[in-house]
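Next, two complexes with subunit A in common: one pairs it with subunit B, the other with subunit C.
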Partner chain A sequence: MKAAIQRSMESSVLAELVRVVGAKEVLVDIEERALYGYDATIHRFVPDAVVRVGSLKEVCDVLQICRQAHLPVVPRGAATGLSGGVLPVRGGVMLDMGRLQRIREINREDLYAVVEAGVTVERFAEAVQETGLFFPPDPSSARASTMGGGVAENAGGPHAFKYGVFRDYVLGLTAVKMDGTVVRTGGKTVKNVSGYDLTRLLVGSEGTLAVVVDATVRLIPAPKAKRTLLTAYDRLDDAAASVSQIIARGMQPAALEFIDDASMRVVEDYLHLGLPLDAEALLLIEVDGSEAEVSRQADEITALCESLNARSVKVAVSEAEAAGLWKARKSISSAVARIKPSKVSEDATVPRSQIPAMVRKLKEIAQHYEVDLVVFGHAGDGNLHPNIMCDETNQEEMGRVWQAVAEIFAVTLELGGTLTGEHGVGTMKAPFMQWEHGEEGLAVMRAIKNAWDPDHLLNPGKLFPEDAPPWPVSLEPWESRVKHRGTSWPT
Partner chain B sequence: MADLNFPFVDPPRQDQFQSCIKCGLCLDSCPTFQETGRELESPRGRVQLIAAVARGVVPLQAPKVAQTLFSCLDCRACEVACPSGVPIGSLIERGRAQVVGWQEAHPDLHGQRSVSKTTRWAVTHLLPNQRRLRRLGWVVARVQRLGLLSGPGRRLLPKPMRAMAQSLPPLTGKETLPPERTTGSSPNPKKKVGVFLGCVMDVVFGDANQATIRVLDKNGLGPVVPQGQNCCGALAIHAGERETARKMARRNIDAFLAGDLDYIATNAGGCGAALMEYGEWLADDPQYREKAEIFSKKVKDVAQILDTEGWQVPRSATTEVVTYQTSCHLSNVMKAGAAPERILQSIPGVQLKPMADSARCCGSAGIYNLTHPQMAEALLRRKMEDVPDGIDTIVTGNPGCWLQLLHGVQAYRPGVQVRHLVQVLDDAYQRETSSP
Partner chain C sequence: MKAAIQRSMESSVLAELVRVVGAKEVLVDIEERALYGYDATIHRFVPDAVVRVGSLKEVCDVLQICRQAHLPVVPRGAATGLSGGVLPVRGGVMLDMGRLQRIREINREDLYAVVEAGVTVERFAEAVQETGLFFPPDPSSARASTMGGGVAENAGGPHAFKYGVFRDYVLGLTAVKMDGTVVRTGGKTVKNVSGYDLTRLLVGSEGTLAVVVDATVRLIPAPKAKRTLLTAYDRLDDAAASVSQIIARGMQPAALEFIDDASMRVVEDYLHLGLPLDAEALLLIEVDGSEAEVSRQADEITALCESLNARSVKVAVSEAEAAGLWKARKSISSAVARIKPSKVSEDATVPRSQIPAMVRKLKEIAQHYEVDLVVFGHAGDGNLHPNIMCDETNQEEMGRVWQAVAEIFAVTLELGGTLTGEHGVGTMKAPFMQWEHGEEGLAVMRAIKNAWDPDHLLNPGKLFPEDAPPWPVSLEPWESRVKHRGTSWPT
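Moving on to the complex of A and B:
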């Protein structure tokens, strides 16, 4: 099978790909291919070629060519994912969507926008903001990650607590099936009950059903005012209790984020904001609405947190200060690398009331397996990010890390949660899918996969346990997986 | 120390590249990625390519390794964007030295060298030798006076240099100052400041060096010009010539640590950044390691020193609309922040119009505009688009940017001046004394 792929790539297939997108946009040198085989997980593979598509037609043509050649295709945005969703585990063609850079329309009357897959989430959100509207999903990777990636992974972010995730904003999609046919789903209206909801099916399908080329998304009016609060706690349990109480009392901040002491220290080391380093946990809270509402909510939350032993509650006095705090929060996931060079990020999500229990369990797991575990995340919607810091070159340590990860999954499901709140299943969680969905659930998912991509060529090795690389995914060096082809170096 | 896949001294260290978790937050900070959208031309791509070479996945000699390590502007915007603290600049500089080492060892295999023979000669023999450099300055001054650089005579120059030659300011052919005497006028200065002259700055923009000395003196920050100093070595380290760079670093350390100085003042962001990294360059030199750290701690841009120690607000009034283009290194490595803007705004009658994305590299990047004219030109065009309308002067803090911006205004914004921050401040002080 592998030999067949190699032969076909070397012969006419490359020439056909070049004919579609031009020689400049087909990358075959090992120097470049090696850079399209990773994401923000610790795993690395190498694709056989990278094709940088620039239009819907090019996507269709490339997929047709690959299907005929029986080549796997992996759609890629900015490769910032944390679940191994864009790893080319079976080689094949990496479909780089980065050239699809247009925001086609921002419609203020009908409150929607049409945006191509390669636009970064931040650039899109800023363009929307300039028109006085609001696109709330705000994954921490937004500066780099793309709208296509957000749709494929059904990404969330801090604002998900009040405003929901990508799924809640996508109205329609233009997507291409592996056979090169174009499927247009949904439309421009919020209400739309015509037939099966293919839009929702594609959102979060991780590029396993079709390649999303553009999305029509819903926009909402921007809140008139917002305010950011930072509360510090001497005891982590009090912070967790505050989260539960804020929710139980029906308060609805725009974001409710949890930061533990280790996360705080690394981000302080990066940004020097003067965070209270001796506290055990922080809550970062944003309230929004009318000026009056914002003041009322801020006062209520301050009183509540103080009654639950918050050591301090600080309200950001300027937009710059608030922006600094949010930059800190969004940098944590990367800044934790200051603790140890590698990390395994999880996004196990539990019902909100189980947050205190989950935090306790995470501490126990870290102690039991003797791993460095930091916790931060979207406490407001039960979506915590336990990150295990490790050294990928230390095999003994990695053994304990994988055991701890499996246990985190088990505990999450026990507490009524899910394997993943926003990062996606990818390769990293595929082996555990049966725990959550059972054989019956997986059977339905397989049937859906077969209907869209009967040859299993689109983003293979993801979602399904039988298809995924053996777990834990091998960290053996790249050498064994690299095919030195298409290059002629001096020897 | 060398390793299997990086066989030459000073390889990129594993602990440096292993801390890149590939999150991608650096991508949009990188001018070459903004232009091309290719992973190969991004900080994450460059760091991971170095990791791939170290792991034996990509051979050091693969052509695109050299290409991308040398297409980096070394502007360090990625280091500011990187929450994990990956020392991307150092990795790339070390990577370049490996590439150059390999090319040297295989002279027949590579038609295309990453660093041309001329550049190599310039960074190893011309820049470290201030006398030779001044003699060249004298020759250029003569040639300029004969009109050979602006007329058809410039066809004799290599293509990328022609436009630059045309926008080169008239040289005097004289050195700014004999580099060996105390120049301050106050008998009891509140601080003792060693002034770093630089190589290009000294020959091309000698006025700015003199202005720096006057401005320091005016503010009671006793300037001295230590003897024996030479080029900072930045261009050598960028060209992968680490041993040459270290030689220059040692000479500067000896020159400046001889006196009991509170500060080492630079007026060139690129030089200042290099001086601040001597500790890293000399980490394996037991004799100089500690001295380098002491030296680097004293290095500050003249704007930072004034901002910390306080400066006299000029009393004279003027009307000048300016914008400020920070140098990448001044902003990203020296972390000058808003100090230069604060000084500009203190001058009565100076109106500062902000420049969007001011810290984005203008494409000068040392001699990048000579080695990569296409990318440099694209970046310069974008930079000139960001220059606000209705300004008289672009103020900057680095000779490389200065030259590039001179070229830029000539092509896109004729009539706009380019000047150094200290000149603007010095002028304001001068007006004070001439019209009391």
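Moving on to the complex of A and C:
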């Protein structure tokens, strides 16, 4: 099949693509194509060609050409994803959305903006901020990752606990189906119940249903003030109790981040911030609102954490100090990357009350499979990021890593959680989808896929277990244990 | 076809239904069935039988029986809908969800609840409130309308401006497809990107894809204090400017309601509240948050409205006074119902800045078609409720009413809005769906319908123009004018 694709690419199809976007926007040299075979997972696949599209019409034309030639198409933002969502596992055409760079409108009165897929989340959020408004979703990759990618993966970030994720801000989309038809979903109003919610169906669909070209997103007034706190605990349970108590008292911090002892050690080793290495957990808490409100909440949280045995509570009194406190949290990923050549980042998400149980299980798993594991993440959402540091060239070690990951997914589901809180399914979680959704859930998802893309040409190999690359180790040890909730929940 | 249905209902099918739910839960007498032919629109259709289901298993069994007998099924909550969503336009079985009355869980720590479809929104919200938490969606029908209905219609209410609608609170659903299979969507966590968002696809799908049996919904901390203000304006534009300025200053009131002069007159005539009848508009504004915050915001809003020529600003200093101020707004529907035997309630929604233009257009339409029209609604969301008072037995008058409604929809779309902000499409807006979504949008929605319910047995005659009862007057005068935005938007 690969040979067949290559042949057709080399002939008329390539010429047609060049006719649509121009010769310099079609890349076929292996050196150039190879640069499009990566994302933030450890897997690599090389597309047969890269086409850099610059308008809605170009997207339509390219999709029609590829459909006719029966070529897979993979839409791509900045490829910062952690689930393999943009890996061209079947080759075909990589559709680079990077030329779609316009912020078309920021409407201060009606509180919405229209932005093209290739604009980075950070550039967009900054442009919004300059008008005094706020676009809250803030994935850690925001500096590089694109609005189109955020929509495709339904990205989150630290501020999701109070403000929600991409899904909660996308009002409407312009998207192109594999057959080249344009679908305009939603609109400019928050209230809109006109027909099926195609907008939220496309959000998080990982480029498997349609190619998102632009998004109309809701904006909100920016909070006037914020305050950041960093608290350290000798015992994990006290940190968890602090999270529970903050919420029980009716406070809704903008961020409620958790950092475990192992994460602290890798960061300290890297940056020498003076972190309390013998503590079991850190919480990074940000409150926002009016100046009076944040100062009252910061006082209340300080007293509360101290009463729950926090060994120290630091409150930032300036923006520079706040940035300093955030540094420990924001540097974990780069610090982790220094330890070993590779890492596997997960985003298992459990109901908040299960965080201590989950963290303990993760430490047991690390010990049992002898893998290097750190845990951090969004405590307010129960959204943890276990990161396993490893060497992808060491086959024996990787075998243990893949077993540990399978065990993490099984435990997550047993604790009432979900495989993925914000990274998406991609290729990396596809083999586990039946554990969470059962055959009934997957059957409905397959029917929806068939409705949008009957030939399965758009971003193939993602989301569905039957299409995705198989898991590197046997999943048999877990299959009997993981009961699909469809049959186990009460009726 | 009707006769065929009747025959099969009278024989083995009826016996099978009785076997599943028991004889007393199957209603076939015309007196009883006729009570299920209504909703809050002026249309009437009688189902062939009513089946009152009390469990997930009963729903599965009933759907399987009906599918085998090729009988339409219409799921029904409290039938308070304003778009014809539960009208049994093809006869068949009315599936009364009213026996599903359990609030299964309210989890204070993880901030979610699990509630069955038949529980009223008010009972659920009160149970949540007793735990110190808050479920914000508050459709005006909350006392009677059900959680299942709220999910099916993606219901809103006055507090949507700050807090959002049903869609923003539903985390997971248990739903049954027409073939009797159970689909469990979503979960208990806010962050969840595991596969297509079946949860939000079902929210607002008006019972046309699956029957929702229970919902897992997100709860939030209750605001500690609130303050209600009622402001009166000589000029509509000053009221609109006040709304804009409140938002421009970064305030986000919990409610921002608009009442026009005609609405005021019908309410005053009914309740003698002492409303300023020569004013052009009232705004009802509710702010919430901490005690300090609401009192600061109430002061700021008072000053702002006065500077924008508000002739009076009343601030409620007690809950009783707040209820008094809300009375004007909450009594409009019943006051309107006194004037003439019938009313047609719409929920055209436009970008907020278009409210003055929309209100003016509505007054022109009322004059042009000589219909009795009042306007009120959710100014913060641009979600207006033009209500036309009429006499459904007067054919000549009704002809003008249906023309006026068509004109309202055309104007709404021309102003960048949507046919329906919170009432749903049902039978009443189905004839206009192509105006908003074009053939491309409708084609995708049809494909999704086919994926879930290939025989089109679940709630037929809704949402799609080809299935719905035709509009009573010709739409030809508008067809050439309304250009689908799919072709008219910039690319």
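The rule is simple: the second predicted complex is superposed on the first by the 453 of 491 C-alpha atoms of A that agree within 3 Å, B and C clash if a C-alpha of one lies under 4 Å from a C-alpha of the other, contacts with A are read in each partner's own complex, and residues count from 1 in each chain.
What we mean here is this: a residue touches a chain if its C-beta (ideal position, glycine included) is under 8 Å from a C-beta of that chain, and two chains touch if they have at least 3 such contacts.
Remember, it's a predicted structure, so these values are computed and weren't measured experimentally.
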Q: See if subunit A has more residues touched by subunit B or by subunit C, and give me that chain.
A: C
Q | Partner chain in contact with A:V18 - subunit B first, subunit C second, else both or neither | A | neither
Q.
Contact-wise, after the overlay, does A:S141 reach subunit B, subunit C, both or neither (first, second, both, neither)?
A. first
Q: Go through the superposed model and pick first if A:A410 touches only subunit B, second if only subunit C, both, or neither.
A: neither
Q: May I ask you to decide whether A:I103 touches subunit B, subunit C, both, or neither, giving the answer as first, second, both or neither?
A: neither
(Q) Looking at A:K57, would you say it contacts subunit B, subunit C, both, or neither? Reply first, second, both or neither. (A) second
Q) Once the shared chain is lined up, is A:A127 touching subunit B (first), subunit C (second), both, or neither of them? A) neither
(Q) With the touch criterion stated at the top, can you tell me which subunit A residues are shared between the subunit B interface and the subunit C interface? (A) 489-490
Q) Mind pulling up the subunit B residues that touch subunit A in the complex? A) 15, 18-25, 27-28, 37-40, 45, 48-49, 52, 55-59, 61-65, 68, 82-86, 106, 109-110
(Q) For a test of understanding, state which residues of subunit C touch subunit A in their complex under the given definition. (A) 55-57, 104, 107-112, 132, 153-154, 156, 160-161, 164-165, 167-168, 174, 177, 181-185, 187-198, 200-201, 203-205, 209, 220-222, 224, 244, 247-248, 250-252, 289-290, 292-293, 296, 349-353, 378, 381-383, 416-425, 429, 433, 436-438, 440-445, 447-452, 463, 485-486, 489-491
Q: State the interface residues of subunit A toward subunit B in the complex, per the touch definition above.
A: 27, 29-32, 34-36, 38-40, 42, 46, 52, 78-80, 98-99, 101, 120, 122, 141, 143-145, 267, 269-270, 331-338, 341-343, 392-393, 477-479, 482, 487, 489-490
